[in-house]
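I've put the structures underneath this note.
Each of the next two complexes has subunit A plus one other chain: subunit B in the first, subunit C in the second.
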Partner chain A sequence: MSKRVNYALFAVVVLAALLLPLTSNDYLIQVATGIAMYAALASSWNLIGGLTGYPSFGNVAFFGLGAVLAAALSVNLHWPYIDAALAAVLGSGLFGLVLGLPLLRLRGHYFSIATLALAEATMAVVTNVNFLGGGQGFSLPLLGSGKIFYYLMLGIAVLAAAGTYLIINSHFGNILLAIKSDELAAQSVGVNTVLAKSTAFALSAVLGAMVGVVYALWQSYIDPPTVFDPGITVFMLVMTLMGGAGTVAGPVLGAVIIGVLTQLAMSFSKNASSLLLGLGIMAVVLFLPRGILGVHRPAKGGERRGARPLRG
Partner chain B sequence: MLKISHLKAGYGDTAIIWDLSLEVNAGEIVALIGVNGAGKTTLLRTIMGLLAPWSGSITYRGRELTGLATDRIVGLGINMTPQGRRLFAGMSVEENLLMGAFLRRDGEIKADLERIYGLFPRLGERRRQTAGTLSGGEQQMCALGRSLMSRPALLLLDEMSLGLAPVVVEMLLDLVLQIREQGTTVLLVEQDVEEALLRADRGYVLEGGRISLSAPAGELLADRKLQEAYLGL
Partner chain C sequence: MHLWGQIIVNGILQGGVLGISALAFSLQWGVMDLINLAHGSFQILAAYLALTLLNSLGIDPFLSLPLIFLLFFAAGYLLQLWIINRVISANLFMTLLLTFGMDFVLANLMILLFSADYKSINTGYANASLHLAGIELPVVRLLALLFLIVLSVLLWLFLEYSRTGRAIRATAMERESARLMGIKIPAVYALTFGLGSGLAAVGGVFFGLSNTFSPAAGGPLTVGAFVVTILGGVGTSWGPLAGGLILGLLEAVGSVVFGPTYVNVITFGLLLLVLIIRPTGVLGRAAR
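Moving on, here comes the complex of A and B:
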């Protein structure tokens, strides 16, 4: 697809999403809010898992930490929510940057398992710190209409997709691609891989936390088992892989497909959605290892666009 | 130029290199030979800072390298063409070459790119082709070109001949002479011992993580024991 077609498609999708609340009922808006939320979360996962090639199983930690920090600052310290949200996002980004330094020394399965442990440990700490709500969690004031949260989630999703596009076409994106394709070679040409990987992890954390702070206000009640549910990470991962890891639209497409299918399955039975998710994972692994958007791209061969010089 | 003394290094609990010392002088081609598992690649990785040494020192132009990150070491003018090429498979030939100039900020990168295409016309023809689809010989040319794009003062070549046709090996090794003429010092790790020693000034024989023999290349070529062990004569 040419650039122009991609831009047009992007504009149409965003416009349709913006107009959705005008024509539909509350149920649909709630479902759409969830889909926008997961589109943003999957895009955040894509930064570290897709673009950098480090399959994190702990990204829910950033989502949960964002939600809990924002709630704690606003409830316990009576900060205005916008200030609390900003602090929570920055704090989670810093958390990702600092923990990325040791975690990203591990590769493959070791990295995945370590990040899984990171999420569980974060939940354990939050559960035992009263300031962070402990096991009780937080109740936040109810805020007006559901449309606000739809637009907020949509805004973060658009920001995530646009950010991914900019990164992929940037110098930084080339660095991440080099790390993904051969990290030792990337080091050997002089890339500071530790810094690049940690930056990607921190950006992923920032986006995840942004979703978290909006989620806390949307649900108006949060507790650790909900916002640190490992299933949330699984959704991010499966949606990204299904749509196409390392692409801009892949995570969004995956979120829409799985979001819609889950709702349809729910109308039959509550367990049907888990069954469907399981079947979906198997189908992706067996038939679409590169994701839906990955099918049209040659795994090897083919010509690439003209290259730009890189500077360190 | 490069001075290694009493180096010990390895992976996990296993030492691969024991008390190794060697020297490379500016303008030389030094061959490092040894059987599989002797520690050749481990040594190069330790020089590049990809592996932390357990003890000993590595100095480059009088400066201690141990403890420096790889990107700093590359910035000092040392570059390695890794064993097995290790190209960025999804990138084009040209993108791979440009990655080689990653730390450079001068305006001559484009000119150097053309120079590489002059050296390897095959790469020029395939500049837009994905690197993963090149033949083994072309991949090795691309890997060598990528290293040269950093304008290294000291070039570490790890097993360039691996899996390549003899005629390609000779072509690449002849190029090493040309690279030296242009002012780059070369440490050549090779299993094709004869071809390497024919072009090197001096050679070291690495056995079980230690230097067992060090002599001018011509003497090593004539050494009976070495001939039996490595050349199959």
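Moving on, here comes the complex of A and C:
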């Protein structure tokens, strides 16, 4: 597709999304808010997992930390929520940057597990710190209309997609691509891979935390098991891979498809909806291994594997 | 004094249950570079199977153990041969996603079949204990540790000295060279996953005998196997034993010193530390 067609498609999708609340169907708006939220989260995961090729299993840490920090600052220190949200987003970004430095030295499975452990450790620490709500969590004041959260989530999703587009077409994006293809080669021509990877991780953290601070206000009640649910990370990953890792529209498309499929499965059978979703994920892996938009080969996680079929 | 003795014994015995669970996980990871996210659900399914056999046919879990092992071995063998082998040479996201999908399917299938309630396998000896110098030794956990040691020895003997075991090790070291030596890689992978599934099922029955469980218990079991495997070192025969004992002891002592809510801080903090400082684990070889 030419660039012009892409821009036109982008404009049509955003316009349609902006006009959706005109239907004023509360159920529809709620579902759409969830889809926009996951589109933003999947796009944030795409920065580290898709563009850089580091299979993070702990991105929910940033989402949860953003939500908990914003709630803690506004409830315990009575900061205005905007200030609390800003501080939470910056704090989470810094957290990502600092922890990225040691964690991004690991590759493949080891990076996956380290990030999983990071998310679990963050949840465990939050659960034990009273200032951060402990095990009880926080109740936040209810805000009237659901539409405002829809627009906020949509805004973050658009920001994430636009940011991804700008990064892919920048020098920074080329560095990330080089790291994904062959990190050693990138290093040997003088690229500061550590800085680039950590920046990508921190940007991913900032976007995840932005979604988190909006989520806390949207749900008005948060506790550690909800905002640090490892399943949230897995959904970011599944949606991105389904749509196409390393592309701009892939994570968004994946979020829409999984979001709609979940609703369909729920209406088909409430009890078996998760089971159907699991079968759907398996089907994607077996029949659509490169994602719907996956022109490029998806991120290469471990350098030891080729894409050759297993031969006897 | 007795208090600390008891705490340390509890930790060691908990290590046995953790270690059996990690034996399978470590084998699959070491040989195939495969992380089986459905590992915990396999275990819980085995526990439900043992429970069903006990309740409906009155077969004691220790008698049904060989049957359950064989059943899971066969299912795992076919699963690898027909499904997982199709994506195992693609990048590692694919196997992670596939096994995650399997986990989702299994966990939700178990909720439909057995409900989400907590269950336990009530045998006559489930709560029996031996007493030695004032220290209580629960029989089931003692047996779990014994099984872990015996299974570790058997696995080591099998991998080290049998022809098939050598083929498995050769495949783990250098797949392409192994293929050139005439080893049938898909069959070795199927055998490894089958063996892993069987061992996971044995671990699951022990978990069911010594804990209450529900379909949701699979996730934490997988994470526990992760931690033990990393602590002990991936793909070593003795790693799960060492990792299980280390984690069991640390959790038992840590929960007394810092309080039970800090167990996860210790577990995952330790995991992060080990990964950053020594990613090959305590018994692991130099990084590949």
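Rule of thumb we're sticking to: the second predicted complex is superposed on the first by the 291 of 312 C-alpha atoms of A that agree within 3 Å, B and C clash if a C-alpha of one lies under 4 Å from a C-alpha of the other, contacts with A are read in each partner's own complex, and residues count from 1 in each chain.
Just so it is clear, a residue touches a chain if its C-beta (ideal position, glycine included) is under 8 Å from a C-beta of that chain, and two chains touch if they have at least 3 such contacts.
All figures in this text were calculated on a predicted structure; none of them were measured in a lab.
Judged by the touch definition given at the top, the superposed model places A:L277 against subunit C, while subunit B stays out of reach.
Of the two partner chains placed by superposition, only subunit C is touched by A:L237; subunit B is not.
Here subunit B and subunit C are compared by how many residues of subunit A each touches, and C touches more. Looking at the shared chain after the overlay, A:A121 reaches subunit C, while subunit B stays out of its contact range. Residues 300-302, 304, 306-312 of subunit A lie at the contact with subunit B in one complex and at the contact with subunit C in the other.
Interface residues of subunit B, counted against subunit A in their complex, comprise 48, 50, 69-71, 74-75, 79-80, 82, 86-92, 94-95, 98-105, 109-110, 128-130, 132-133, 146, 150.
Interface residues of subunit A facing subunit B in the complex, by the touch rule stated above, are 174, 177-178, 181-182, 184-192, 194, 300-304, 306-312.
Residue ranges on subunit C touching subunit A, taken from their complex, read 29, 33, 35, 83, 85-94, 96-98, 100-109, 111-112, 179, 184-187, 189, 219, 223, 226-227, 230, 261-262, 264-265, 267-269, 271-272, 275-276, 279. Listed in rising order, the residues of subunit A touching subunit C in the complex are 55, 102-103, 105-106, 108-110, 112-114, 116-118, 120-121, 123-125, 127-128, 135, 230, 234, 237-238, 241, 245, 271-272, 274-275, 277-282, 284-286, 289, 297-302, 304-312.
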